[in-house]
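Scroll down for the structure; my scribbles are underneath it.
A, B and C are the chain letters, set down in written order, and residue numbers restart from 1 in every chain.
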């Protein structure tokens, strides 16, 4: 593909100016909310126990950051979330692929998927704690358990979506079943798999945080509950914001990643 | 009275690289009860003209008046039938047809009566309680026309209403449209790309150039249609006019290509 | 093009359908049998995994005492109540965002940023503000259900073909009526898809909030029995949750199929479980 023509400096400046303006317009409502928050707090409209000023929260954030109380727990939570997600992706892809190729496997697993899908998997947390303790293992497995079904469904639909003429061509050229799975079907369903990962990443994060809030054992969720028990409201806000920013950052990251990894995907298929 | 007066109408579309003119200096007078067709190459802006007349998009220059009053927005005086039918998919045939009547404030019994009459007129008896998804293209188009006729607008704006139909259905629908017009004498502005259709149905055919759309020629159609479709279409006068219009449109198409 | 309804007699068509449904869910029965077997055969310690039988017995006891009914009811009204409020608000905001430039610019960034916030993280904050109880739980559920409905309503309304709105306006529909008579029905399918997503969320959040801190509710019940070691009862509560969540999802699907019977795409998507 021919590279785009060289822009004049003026055109480039205009474009980055427009991007800056767009970013500002995006932040405007957020800044408005923060301003309202700060004003309400300072004017005493709400007790500082309930609504500390934004500046207080910001200061507490700095304090906690320096003392390592943010990075440490965050790394732990992220580890649990992504380890669980990775497990879910591997198992989910395997199950989805086999379900797509084998009618009996589909028959055996489909009702479990259908019934499991609407169930709130967080309800299984006490079981996982019973079996695996309150440390990372139970949380990783719960995350995996929660994320596996969407991955199965995404992979299954991706694998089914491979056009049968492609499969027939491969069969005609003597492709064995094994090779069929990982040379033909697997690459073809990667966009769906990636879409599934993109959608499931927030679920992984939410499950990890929530499990920590309920069961303790370190991580941002536990830290949040700890702060609440001791009525340290600014700290509570800090950890809520940490969760928010983490979620937002990974969502944007996933979008970038998709554009970088799968640039050939049809615009119409994107959400 | 429903005279349409268009003077020096301009319409531009804004894009990042600048303005793209769609309509340039359109001047058109349509008399009360007249049947006029607008025809031209693809993209010449004939649909845009209809949308501006309907009040759905604003003009950038010039004036449009209905009976001396300027157009400010959509209204029940200008009924519109779109190429895509634009039926309300969540309403049955009957409810679709009654919609306009409800908006003008008619009571239940009156609405039912008028709808029933129209359903009979467009030959859709038995389908009152069907949803649009259960109908064929021709049937949907009949519902669209019935819906617009129901509240009796003075002016009919038709945007390639038969474009998506097969030719047999199209001919039937054209005859029905002409029959309705002869009975009610509404002012009709029909946009089409089909030369035969334009000449068969109208009293006047306006030819537009390709983008930006300008009016390049007007043809007065004085054809004896009393002998029925076959006699009319095969008559010398019809063929002569039809060829003249066709040639004119062809010239606009090839002018655009250069 | 769909024709008139099926003309085969009802009983003849019922039998194969029942058989097909049983066949479809046979793996579940097999799963339950295997579960029962591995515990009864001593392959797994009973104190770690109560058998299916134990679970059902415990569930029966709780049902007889009214314990299950009470806690399920509490959880259901928190979740469905929150879902209802969140959905109505979500549709309203989504409609506003889709029809007003200013609303879109104001709410858009707020929606995009708070989407990634785990709403359960607000529970400790709400406990500080409102104490432990229904307000905290329902508020959390409302916030969780709000966003998916806002987003799906927004996209649904934006996708309504302009010619539909134009037709309505040409027929004399005043601007304020367009929202209710045209935009809402036309975007009903995407809106209900958003509600279905929110339905999943509402149960997750109710249970999460109840497990974090609550005086009642099925989440609290499960957690409590887990803490006190009565695992059969814990599993019993869990079984109740699975059944309720599945039934609710099916009910919503059935409602969708009825409300959207005029929609082409719902018939195409009928295979979607």
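Please note the rule applied: contacts are C-beta pairs under 8 Å (C-beta built on N, C-alpha and C of every residue); 3 or more make two chains touch, one makes a residue touch a chain.
Predicted model only: the values in this text are computed from it and were never measured.
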Label of the chain whose CA centroid is most distant from the centroid of chain C: B
Innermost chain by mean C-alpha position: C
Distance between the centres, which are taken as Cα means, of chain C and chain B, whole angstrom: 47
Chain A-chain B separation of Cα centroids, rounded to whole Å: 52
Cα-centroid distance, chain A relative to chain C, in whole angstrom: 20
Of all residues in chain A, those that touch chain C in their complex: 25-30, 33, 49-50, 107-112, 114-115, 117-127, 129-131, 202, 205-206, 209-210, 213-214, 221, 224-225, 227-228, 231, 233, 236-237, 239-240, 243-244, 246-248, 250-251
Chain C residues touching chain A - in the complex, by the definition given at the top: 24-28, 30-31, 48, 105-110, 112-118, 120-125, 127-129, 199-200, 203-204, 206-208, 211-212, 218-219, 222-223, 225-227, 231, 234-235, 237-238, 241-242, 245-246, 248-249, 273
Chain B residues within the chain C interface of the complex: 51, 54-56, 73-76, 78-80, 82, 84, 86, 88-91, 99-100, 103-104, 131-136, 147-148, 151
Partner chain B, residues of chain C touching it in the complex: 1-2, 161-164, 166-173, 182, 185-186, 188, 261-264, 267
